[in-house]
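Two complexes come next, and they have one chain in common, chain A, joined by chain B in the first and chain C in the second.
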Partner chain A sequence: MQFFSFLLTVLVPFVVASAAPAADYHEQLNLKPLPQNSLLASFNFRSNTSLPEFEAHNFRFFPRSLGQILQHAGTRELHLRFSLGRWDAETWGARPWDGTKEGGTGVELWAWLEAESDDEADHKWLTLTNALSGLFCASLNFIDSTRTTRPVMSFRPEGDHPNTTMANMHLLHGVLPREVVCTENLTPFLKLLPCKGKAGVSSLLDGHKLFDASWQSMAIDVKPVCPTGEECVLQIEQTIDMVLDIERSKRPRDNPIPRPPPSHELKCNTTKPYHADDTCFPTDSLNAQEWNLNQIFGKPMLGNCPLTDPKTPPVCIQAPHSRDVFTSMGVEELKEPGNENQRCYLLPSNDEEFHLSLPFMPRDGDRPKTDADEFVQPATPLLYAERSLTGHGQEHGGVQAILTNPSPGAEVEFVYMESLPWFMRIYLHTLKARISHRTGSDAGQTLHDDDDVIKEIYYRPFLDRQRGTQLEIRMKIPPGSTVFMAYDFEKTILRYTEYPPDANRGFDVAAAVITILPSNSSTTTTARRMSNLRTTSMLLNLPTPDFSMPYNVIIFTSTCIALAFGGLYNILVRRFVGRDEGPEVSLVKLRRRLQEAVQKVKARAMERLGAAGKEAKKVEGKSD
Partner chain B sequence: MPKDKMSFQATAGTAGLFVVAAALLQEGLFLYNHNVSPYDGGVYHQAPLLLPLFSLLPDPSTYPIFTYILYTLVDLLSANALYKIAESGEGEKRWSGYVVAALFLFNPFTIATCIGRPTSVFTTCVILHAVAKALSGNIFTSMLSLSFAAYLSMYPLLLLPPMVILAYDRTYNPKAPKSLAQLAGMCTLAVGVSLSLLFLSSYALTGSWEFLSSTYGIQLTLTDLTPNAGLWWYFFTEMFDSFRSFFLGVFWLHLSSYTPALTIRLRQQPLAVITLLLGIFAIFKPYPSIADTSLFLSLVPCFRHVFPLLRYSFVTASVVLYGTFLGPAFYHLWIYAGSGNANFFYAITLVWSLGLSLLVSDLAFAVLRDEWEVERPEMRGKEIRQI
Partner chain C sequence: MSADIINDGDSKPASAEATVSLPATGIATVERKEPPPEKDADTRRRTWIVISFWLIAVFIGLPIWWNTTTIYRANLPLTQMTDWADGKACEPVFPLRIALDVGSLPEQEAQNLLRLTQHALDDLNDFSGHHLRLQLAQAPAETITPVRDDSNVALTIRLAPGDAAHTASSSLHPHLPILDVQYPPNSLPTANSPSSGLATYIATQLGSTFAEEQNIISYLLETSSITSEHKPKGISQEVVDTVSKRMTRSLKYSQTYHLTFSLFTNGPVPSSWDIEAAIDEYLKPVLDMLKPIHDFTIDTQVQLYAAPGVQSQVLGKEDLSSFINAAEWPLSPSIGGAPTVNFIVYIGNQTIGVPSETSPGETSQSWMIPQWGSVYLLAPPAEATHVSSETLKQPILTFTSHLLTLLARIRSADLLLRASSSLGSLARLTLALPSISIPSNVADGVVKTIHHLELACASLGGAKSLEHARIAEAEAERAFFEKSMVGQLYFPDEHKVAVYLPLLGPIGVPLVMGLLNEIKTWKNKRSQKLKAA
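Take a look at the complex of A and B:
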């Protein structure tokens, strides 16, 4: 429970109030309008089962299918992520849940397994990935030894584990950056919920809208939680975060193809010199759109889930109180006294549809509205991170990570973890960090090498076809500074069967995981929790062989070798003689005989011809 | 990052790369200096004893001059050995040692190799010294050099039989005349002992036997397929998985079959055997580079007296030049420009290999003809045929 972030801080009193947790279930949808007509929707579903009941296979809200897998694979803590898109930290600010509930693009899985040895842990990991692969319709079984790492500094158990099991727990982490998250992953996700998407906030979830979002992350976390003085429970928390482009998601379902708006509906920037009746530079629509739940999720919310704790408001919206919000009848609005930006809605216990709509707020007229009325200004994240490939050609390359600490006063300490595929051969000796200060005594854009940024490196080099590179770097960035970290690598050519069918698209390289460590400095009043950040994944282009001609290559190379070998063999095994010495070679002999035969035939033919000519003359003479 | 705390986890395994380039050596050195076993990763595939040697040098990224000096010195040492080899020859029609050494030093391939700073220059150096010492009758030193060469890159072990014969022919010890078999046994023992000493010291240095699979296993199993001038990489890139080990066996058998054949046929001229074998290695070994070609070409001028007997010298020279110029161009087209595919470069490696093999077989022909003409001086300059 201690890992819940600011979004849930309001919820905590309710949770504690209803804490008679033999088995309980909560669900909540948090809506948060973001700048530029985006909307963050955070779905959170959480249920507890007491550990003894779980051990006795007595599942109530805990999904049985998942529970049995966890028991079979000796999993003590499990984290599974399905993500798509990129969180735009520059516009949207800090991540929901402090980034702890998101994964890199594709599928990410990490778990603490109880095992006596590394080999046993590997075996259980294999069992776990294969079982989960079937359960979630994802290619999790492709997490093999080359994609599995054992992070050392980056991940900490989130649950409360007794010390006896801690000693035997093995953390394994695997990523599938290439995996395309899709509707087939959502369906099993919804099936794990007690209300299975038929009622409650989960009835809003629809594959068409979820996977059309600008960014989305589905998360499943299973961990044991031991509240002080109470029985330990096993908690499963399912989270879906999505950032919707309101304009895009309002597109009607029967007409989903975007078409250019007619010219009279275009909003043009009239200050442009070329603006005319037939020329238009469209302005970004800064006015907040009007929207309602029905429109943006494509379906209405079907009342309350009857299994949920009735005291927990299922829907909350984080917007200034000056923002108008209309709901359907019979809904109770709760406003937190100290919190100006949060409103929650308690639904009546009937099965009526819940409607929520935010009307258009005019920017002009009598009471003009501003941005401050539309949305809460997002909090600045602790760290901005970008990562990109450098270099050209398909032989060498480089990776550059740009890490910015925007805070004016606090330094940030974090672990940067890369798990790279084995065909990306990194040269650790080229790892360099340069720092540029923007504030402080040495302000300005001067860059200087600063190795003091890097505090500790854990490096496990790759082995061809066996394991990938694991690189964990603990860094500390002073306030208002940017660190440019770069290293070089070499690209490998693979066997032609190891390339995917679309080899020239490139290979996905998993996102770097950044774990911001809790700062222990007394300058920050609130003790920060562990928070996470992930860069985008990269596309790595490898040199490709020609896929069409394996036979030709085998034949050509063999011919080349045969020519060389045959030539040398001929020279070595034969002996020299003069041109006119030694026995005749059969071919020469044959040719000579042939020539002789031809000569004979010719001679004979000439004779015959000669005789025939004489006779003919004779005949001619007679007829004359 | 000298102050970084580096931790590592040791696991056994093989893998990687054998392209002998400076960056790889530097990476191995970096890991070694930070107490990470370079053999636990897939980057470094060189012999372990090179690591302490290079860690003695100042950091090459700050003081590159010392590395340059080292490589230049190694080249000069090779040239010195070559000088001795060339001077040991008899006959009138031969070039002086200076000419041969200069031909080696100013060979564009040698210069390119030196700029690339691969570790194969060390192999070149010790092979040439092994030959020079064998020529001067220093059997033990010669065998020690040969073991060093085998330790560095394994394939020079195939040079042992001709080297023994060379040493046998050149030993003038009338007091204790030994039979060839005796000498061969002694030499094999010497090589075995020095190799095991080298392995033991490597074991003491790295603390495990991982280096064996990482240094020599990679050559035997060809897990790394980085493009090079040889025939193996593309063949095994395109090979069907089920036939991979079969063809690896065939290729190695083919490579080693030349040693007995040439040694027996050219029993009288062990130096020629060594030269021809080096030429064959430059074509058919798993990861050939221009360093191997330059080693072969450096010994060819020692056979100045057979040059008139070469039949295809013009064709060979043209084909080798063709390969030399078009190889880098096609590599660029494939890797950087993207306007050609892998077949461009593959085709040029075929041409290059054919050109070199033409040179090798032509040289073999010339050497054999020369041998024959010594037997039958009256046939000099006449037309001949082979039966």
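Take a look at the complex of A and C:
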């Protein structure tokens, strides 16, 4: 520990580097302690290439493998997401990057392709998904026409596109909710970075920790950016957000199995009446844990990536200034005067490992620390959303989405988009939105202006085996209210070969995408930007057949045919004679022989019995 | 037997209980009687019934079963396919027309020289596949345009009278297919002489000019499965080795090649290079020359922190193959079907420890990876972060020579033989796997391949043959790698038994038994009739 130096408040005037794309490569790690011993780690990597260089196929920081695919498929803007887990909005609050850099569970891809016609766009989309599937080792090639939608209200291009290309741009969107995101997706992700996980903040990324996180999302966004007065550039932004359970990620890698702590380390709730030396009711161990970078990421950070602007701090932590933070020698701590909750660290330009450690802060003693010293209270999200399956039986299903606007004063307007598989035959006429107060004296009461909730519906019905349902609903929820939106659907029986290998597991239904529209009236900064939110994906149980069915059918029909045929044939072919005229049937013969044998035995027994009786009588006679 | 019981009852009336119980058990007590004689009409009807059941089963049941369960196999012209594969369908002849531009010689003398030279050529060449045919040039070759236009003429010999004192000398034009021959005026053959020094000289010169090409064609024919008499006899092992090395190195033919130039370095520097300027200066001229045959796209990339697959300072021969760290270096396969040629400049301190005498022309800093590309090891530049255009001169020049090696030149013959051998493999596969299904598009592909092969064979040596050979090769590949054929349906015999037994058992047994009974009675009747007779 001696090489750590405790950096006291050194006020260095510093300006956070704006997102100006002048610097060719930029990377940053943002650490944000969350309640209940969680930690949000946001990695952001951004590199630019000028458009002429890109068109001349000269790649420097922009990855060639991806660039070649984009050129081949005529892609103007690309967004690719790999996500795992669930963001616990109740505890962790608002999402990082306003939810714009996350996807639904599994893999999500949307892109703007330049094409003259819809058919050409479909063809390019096919090329793009196939090429990306090879690059990222994901089953993106399974995004076929049944999983592809063309959203109308939900997505907007983020890049600066000239008006001439805008006219020919086609937005296509595809989701694979079933895809399990794993290490094989992280490796190609890291390969796209100029420093390749060998230096800089990317050296912290490790598959074991990333995919062990409570929630994680990997994002790749490619878009053209035209800063005013400067040359247009093509920007690739790679983002990894993960929420680590500190206690869980501190487990050593060689001993990852959780074991119960020894009894003297147990923290007991002493207020329980049955508390004794041998009885313990464990308290929720919510005391802040101490942690350091090495522990929670499993490896140290190997210095700076030398391609970045040396004036941009690579690591920032968002915690109250009262939180103790130790770093290794030579590291400069920067504090922004206006921002009480952020500190950044500027690394020396040598290749030395960077260490950062947050020690345990005692809750008692001279200056007891509280939760407010541990972490910044997370901001309330603009909207809470959850979605679940209802319905009964093998045929009737239903979906219910519960959307809550927690804000006491501002109403929220958003687009709710579902892309459902074709085997969920939804009945749009059953779509109902019920609104009720959540807060205040009239809590729980239903409002009467139900019709006002849904402003606009875009619906593109499914076609069997060709395309899924696309449903986009623009809604407005008044402050402090909850909307219950529900619709019914019918489950389809699929063809025998259409079932996946483990059909009884169920079918994944992609997450609903909620795009919160910017509101000008709102005062908060987050509400003025477009932000996103995704529900969890659903597991739909379809009626599954017994897969040995073909054999059963064959055997059953064969038996029926054989029965009918046998009877008919016998009647036609047999000659009918009197019972005593025909040849003896073998079964009758057998039965008769048995009877004969039984009779013989019987007769012999009778004989013996008779003889014995006579003798007995003789004896009796003698005795008389 | 039942009579026995009755007899028993008769003989032992004491055991009457047993006989009393018998009626309950049924028929056993009934005395056997002969059935009344069957009517002839009934017997005949039964025979008809059995026969008609069998007729239905055989003439309706079997064909339906056969039709519904057979795997679709499109008709393939198997004999034609094997003919192509065996080289019986096409006589690979590469006639090369060589124009003799005699300049100011009189017609008679020129004809004479032509005849003699052709004789000498035929004597020199015993391989019928590669044929040099002389003709007189139509116009004097002073103007180059007519020569270039006439695509059938492979080479023009420009004869010019030289110094009388010297023997004949020749030189190849550096850019144009022209062989300049200077001859002493006295060496011209006289009208009736059987041979001439000049004629033999020209023949030998031509032979050596086309020796390489001839060797390659010989090699191709030798290594292909062709067993016909067109096979050249006896090319030396040495020639086979050099040619085979060249052929295995070269890339598969394609219209377009992606050239990818990558700068790899183990650390963070250098991170930029003047590759565009270097390519424009050193590579573009060669690419412009190849433009009529191939299109090229050029990509460049810089990859930092790329550790090679081999860590040692001095690279041994076996290290060269594992130097490319395929798992980590982003050299992923190209898209769009065209092959990628990779050129890698690796900045590092490694050196090659093997003297490269096996392949002259390679410097000790670079090596070529057959059918893939080449690697150049470059010492870290003085200016640490940037690689200048001058530093890249030597690597790019090396890459240029490697590129020419990687692009093989004998195209149409190679493609033709490749397509033929694909056809042969497909034919063999069809015969070897009777349960594989052959969709109709495979048959279409085969027909197209054969059509284009015929066209290519007919115009071999001409410009069109390359086009036809290319289509033929692509079609053959497509037919061979047809997706639905790859995953062939496989039903094990146990499954077939499990499916058929429940049906065929209960139906087949009565049918067969009925037939047997019928045959038996028919035999009995016949023997009775014979006896009666």
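Everything that follows uses one rule, which is that the second predicted complex is superposed on the first by the 506 of 624 C-alpha atoms of A that agree within 3 Å, B and C clash if a C-alpha of one lies under 4 Å from a C-alpha of the other, contacts with A are read in each partner's own complex, and residues count from 1 in each chain.
In this section, a contact is a pair of C-beta atoms (placed from the backbone, for glycine too) under 8 Å apart; a residue touches a chain by one contact, two chains touch by 3 or more.
This is a predicted model, so every value here is computed, not measured.
Legend: residue contacts after superposition of the two complexes on their common chain; A:Leu171 is shown touching neither chain B nor chain C.
When the two structures are aligned on the shared chain, A:Leu29 is found in touch with neither chain B nor chain C. When the shared chain is aligned, chain B and chain C each come close enough to touch A:Arg575. Within the superposed three-chain model, A:Phe565 lies in touch with chain B and with chain C [touch as defined at top].
When the two structures are aligned on the shared chain, A:Leu494 is found in touch with chain B, with no touch to chain C.
Judged by the touch definition given at the top, the superposed model places A:Gln599 against chain C, while chain B stays out of reach.
In the overlay built on the shared chain, the residue A:Ile554 is in contact with chain B and with chain C.
When the shared chain is aligned, chain C comes close enough to touch A:Ile69, but chain B does not. Overlaid on A, the two complexes show chain B and chain C touching the same residues of chain A, namely 554, 557, 561, 563, 565, 569-570, 572-573, 575, 577-579, 582. Residues 1-2, 5, 15, 18, 22, 25-28, 30-36, 38, 42, 46, 49-50, 53, 260, 262, 268-269, 271-272, 275-276, 297-306, 328, 330, 332-336, 498-499, 502-503, 505-507, 510-511, 514 of chain C are the ones that touch chain A when the two sit in their complex. Per the touch definition, chain A reaches chain C in the complex via residues 56-61, 63-65, 68-69, 72, 127, 131, 134-135, 191-192, 194-196, 198-199, 305-307, 551, 554-555, 557-559, 561-563, 565-566, 569-570, 572-573, 575, 577-582, 584, 588, 591-592, 595-596, 599, 602-603, 606.
Taken together, the chain A residues at the contact with chain B in this complex read 152, 392-395, 422, 425, 427-431, 451, 454, 456-467, 488, 490, 492-497, 543-546, 549-550, 553-554, 556-557, 560-561, 563-565, 567-579, 582-583, 585. Against chain A, the residues of chain B that register as touching in their complex are 1, 3-9, 13-17, 23, 26-27, 29-31, 36, 40-43, 61, 223-227, 231, 233-241, 254, 258, 261-262, 265, 283-284, 334-336, 338, 341-343, 346, 350, 353-354, 357-358, 360-361, 364-365, 368-369, 372, 379, 382-387.
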